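Shared between the two complexes below is subunit A, which has subunit B as its partner in the first and subunit C in the second.
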Partner chain A sequence: MTGWPMRLARILTVASVILLVAPLVLLIVFAFTDRGLANFPFEGPSLRWWRALLEEPGLGRAVRTSLTVSLTASVLAGVVGTLAAIGLARLSARKAGIVIAVLALPIVLPPLLQAVALLAGASASGFGLGLHTVIGAHLLFTVPFVIIVVHGRLSGIDPAIEEAARDLGAGPVRVFRTVTMPLIGPSVVGAMLIAFALSIDDYVLTSFTIGGGNTLTTFVWGMMRTSASPVVNAIGTILIVVTMTAAALGLRMTRYRG
Partner chain B sequence: MALLILDKLQKTYGQTAAVHPTDLSVDAGDFLAVLGPSGCGKTTLLRMIGGFVAPTAVRIHVGGQDVTGLPPERRPTNMVFQGYGLFPHMSVRQNIAYGPKVAGWPAAQIASAVDDMLALGQLEKFADRPVTDLSGGQRQRVALVRALILKPQVLLLDEPLGALDAALRASLQDELRQIHRQIGGTFVFVTHDQQEAMAMANRVAVMNDGRIAQVDSPQTIYGQPADPFVATFIGEAALLPVTVRQGRVRLPGGREAVVSGADGPRAVVLRPGDVAPAPAESPADLTVNVTDSVFQGGYNRLSLRTADGLLLRADVAVGVPLPAPGESIGIVLPARPLHTVKLPS
Partner chain C sequence: MSGTVSQGILNDRIWPLILPAAAVFLALGVGPLLWMFVISFWRVDVFRIAPDLTLRNYIDAVSLHGRALASTMALGIAVAAICTVLSIAVATVIRFAKPRTGQILLFLVLVTLFGGYLTKIYAWKTILGNDGVINSGLLTAGIISTPIEQLLYSPAAVIAAMVGFLLPFAVLPVAGALRAVEMIEIEAARDLGTGPAKLFRLVILPRIRRGVIAAFLLCFCLAVGDYITPILVGGGRTALYGQMIAPQFGTLFNWPLGAAMGFTLVVAALFTGAVCAALLDRVLR
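Take a look at the complex of A and B:
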């Protein structure tokens, strides 16, 4: 592509990126404004909303809850997803593809539908609502992600590598510990970081399954309904930084090397 | 004394037989090549010996021990894999030390054994490099000494030189032969390259379609192939149909020649070295038409066609007068008994 089609494509690309990123930039900017409302004019830089953040009642608890949920969900997703990926790697590529497609359904299904279904499931089974249902709901969309990443890495490993270890005297457990794990380790940790980023951002499933109490996202939603305080922008800024850092690290680690 | 015995070894996938019931025995010190076209079952055979494919029926004995039910880690065999299967997260030294470490050798013994292997593979300079930094030939040598360090009773090699270019193959063939002489082990290697099999092995098992067609020395395989497949797969051969009567055949030129094989319709195996233009004034065994003549360096290779349409090749020394393409000439076959095989179907 050359000439004006190329130029048009460039302009469209830049415009899309600006449209996607601008609201986030605005949110960060408003987190540092002196003004009492999250809109223009910008009245000069200030940290007053960050100070207000520290005094926000209930926020500390919400952060702790969020960390509990997301850390638990990402570690569990890492373990469960890795084990599933190892099992899937023993199937033919076609069969594994079918299983992964089914497991990945939660990624493509509308979250609202899943939330309603989970709610119905939780009340029908008598599990009750609480952090355990939130963590379970988060596993639903983080596990398939880990499976896809780790399975992708595993299928890139020459089967002769593990066979050679067996041949040299290592039993299956030792092969896993000394050969498989070191090779897929970075991908597993990376996938867990991305799972963490996905989990800490979730609002819909969390709000339906938590019953009582707040995570960071439901807390922010609550604040938005009562006041449009710029404190929300400060919390949003923290979420953006945490999510982007985790996702960037995760993506870097899951990239195939060697 | 046979070190490795395959007794009615067999592998079927569903209804398809990958390896038909096969007997094979390998003596201690043998360098055996399993040679065959791709898909003939030779790799499956090797992987059954190594323990990576479970045979459908049979027994595999190594050094008097029945290893059929043992997993690869408990077999007295080691394998050099196609593509090598080196551990990409380890250095050359760590790769070689893997087996002894798993076996729980004392550290000092591991270190000295690894040094010996580094020397054997001429890898001293690369000892602490990651294996991902090595060239194909160097990786091949790491894979080889990594398998040898455990002193396997039988070393299995799956297309060990398959991934290398021609020049490197030739030099590694020499090296492998030398290492085999030096340590005196028993090697079984799989290849589809007949030149490689001939050059390295002292015994060759030719496989076709899941069956072993012949196991013999390279000389016997070439000189006295067991059937039409072996005759044409190993080197160039033309199969001249004849009728054997009381161990003799009458050649088209009238001469009665002694042949091997049972009476009845058979085919004489003619190698390019067996066929020579008849000297002037002497009777010819066959009359052929010269279709082409190509200079090959040390000799000229003639392409010939009989009246029946059979294609023959003849290698003619440089300096001997060459017939021109299109010319009709007489050729003679060797005076020694001719080797026959049953007619190809």
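Take a look at the complex of A and C:
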């Protein structure tokens, strides 16, 4: 591509990158400003908002809850999703595609709708609300991600590699343990990291299914609604760094490219 | 046996492997939604919901909040359209710029896809507010003497924030579609004397049609379902449908109406989305 369409594409791309990056960068920068307002002129770096954050009651508990929920959800999603991906890899590409499309529906449906449905379902079924409903809600949208990533990796493996192992006398279990698993292992771990990033960042489903108490996101939401202090920027910075690091690591490991 | 891997282990047992994932989908996804569909025909008796078979909730969902529904669809179209245009540009650069630039750009898009949903929206308050970056910057520079109040709490602020977190969702399908366009097709067209604009319109756009439509629909669906953005940056002036559903399950305690509104939103979104997709399909051919 050349000429003015490419020039236009470049200009719009620069605008897009600014749109994507500027809010995050500003938020992080203002978490370290000395002023009470998050704006210019920027006055010297300071850690005062981080100290204020540490004194925030309830934060430690919210972090622990978030870790419990997201670690559980991502490990469960990793196991459930990988099993499904292995099963799907033995179907024809067309059939597997259809099953994946159906299982991935929760990603496209409005989270609000699923959140209130889970709320209604939990109260009707007598399960009640709590961390178990939050974990369940997170499985709903993390499992499809794991399936897509691991299935993508599985379908890229040359069947000849496993056949060679079989020809050399390895049994099916041994082939799986010594050939298949090492090949898909990084993708599985990567998919779990992505699931963790998605889980810890979820607000809508969490807020409706938790019943009582806070996760990191519901805690942040409370602060966003009640104050405009740079403490929000500090805690927001934590969320950004945690989720993006987990996602970036996960993406690297899965070598997922869209 | 058309599968590719680990033939042998649990060979005939494909479905048991899929079962746990299917169980999650059915028990936590489909089940609760069906239950909510049932509730949408019930009614509220003084602080509790009672079985009924009434269409009242659906009538209310449309008649009481019809305006919000319409403006939600319009806003969804605007957000999806902006995301789609920008995503075509970004995907084009990813595909045709130097490989290194393309890789970095793609990684940036993938990483910003995840993480900081609430934080990304909140950040726009920091940018657009009266004390925000733009106003304080303009004030300091002496370009304006009082802050421009309309920056925040306006439909434009909602659109900006939504485009900000939905754009990565749009780039991925377009970039995927563009990857399948071979250089040889482009060179062939160019050798035949096609100019860059015509090349883009007649060769590339028709080839990435499906990816573009997918990008539009994905952004549209996620935009109309979002109710956090209007709360944080829309103020009272931008009333979106989702904002009116959430309180039905909280303070207003009218689950049947909330459920009916939820399904009304989905049906309206499916219809609007289908019309938009058909139009795009025609235009891009």
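Definition applied: the second predicted complex is superposed on the first by the 250 of 258 C-alpha atoms of A that agree within 3 Å, B and C clash if a C-alpha of one lies under 4 Å from a C-alpha of the other, contacts with A are read in each partner's own complex, and residues count from 1 in each chain.
Going forward, contacts are C-beta pairs under 8 Å (C-beta built on N, C-alpha and C of every residue); 3 or more make two chains touch, one makes a residue touch a chain.
Treat the numbers as computed from the prediction; the structure is a model and nothing was measured.
**Q** Pick one for A:Gly169: touches subunit B only (first), subunit C only (second), both, or neither.
**A** first
**Q** Just subunit B (first), just subunit C (second), both, or neither: which does A:Leu71 touch?
**A** In the superposition, A:Leu71 contacts neither subunit B nor subunit C.
**Q** A:Leu249 in the overlay: touching subunit B, subunit C, both, or neither? Say first, second, both or neither.
**A** neither
**Q** In the overlaid three-chain picture, which partner chain does A:Ala52 touch, first (subunit B) or second (subunit C), both, or neither?
**A** Neither subunit B nor subunit C is touched by A:Ala52.
**Q** After lining up the shared chain so the two structures overlap, which partner does A:Pro182 touch, if you call subunit B first and subunit C second: first, second, both or neither?
**A** First partner only.
**Q** Is A:Leu129 contacted by the first partner subunit B, the second partner subunit C, both or neither?
**A** neither
**Q** Touch check for A:Val63: first (subunit B), second (subunit C), both, or neither?
**A** After superposing on A, A:Val63 lies clear of both subunit B and subunit C.
**Q** Specify the partner with more touching residues on subunit A, choosing between subunit B and subunit C.
**A** Touching more residues of subunit A than the other partner does is C.
**Q** Can you list the residues of subunit A that meet both subunit B and subunit C?
**A** 162, 166, 171, 258.
**Q** Considering only the defined contacts, which subunit C positions touch subunit A in the complex?
**A** 1-11, 13-18, 20-22, 24-25, 28-29, 31-33, 35-36, 39, 85-86, 88-90, 92-93, 95-97, 105-120, 122-127, 129, 131-133, 135-137, 140, 160, 163-164, 167-168, 172-173, 175-176, 186, 195-197, 199-200, 204, 218, 221-222, 224-228, 232, 242, 245-246, 249, 255, 258-259, 262-263, 265-266, 269
**Q** Give every residue of subunit B touching subunit A within the complex, in rising order.
**A** It comes out as residues 50-52, 71-74, 77-79, 81-89, 98-99, 102-103, 132, 143, 146-147, 150.
**Q** Under the stated contact criterion, what part of subunit A meets subunit C in this complex?
**A** Those in contact with subunit C are residues 1-6, 8-13, 15-17, 19-24, 26-27, 30, 37-41, 79-81, 83-84, 86-93, 99, 102-103, 105-106, 108-114, 116-122, 124, 136-137, 139-140, 143, 147, 154-155, 157, 159, 162, 166, 171-173, 175-176, 180, 194, 197-198, 201-204, 208, 217, 220-221, 224, 228, 232-233, 236-237, 239-240, 242-244, 246-248, 251, 256-258.
**Q** Could you please specify the touching residues of subunit A with respect to subunit B in the complex?
**A** Answer in residue numbers: 158, 160-171, 174, 178-179, 182-183, 258.
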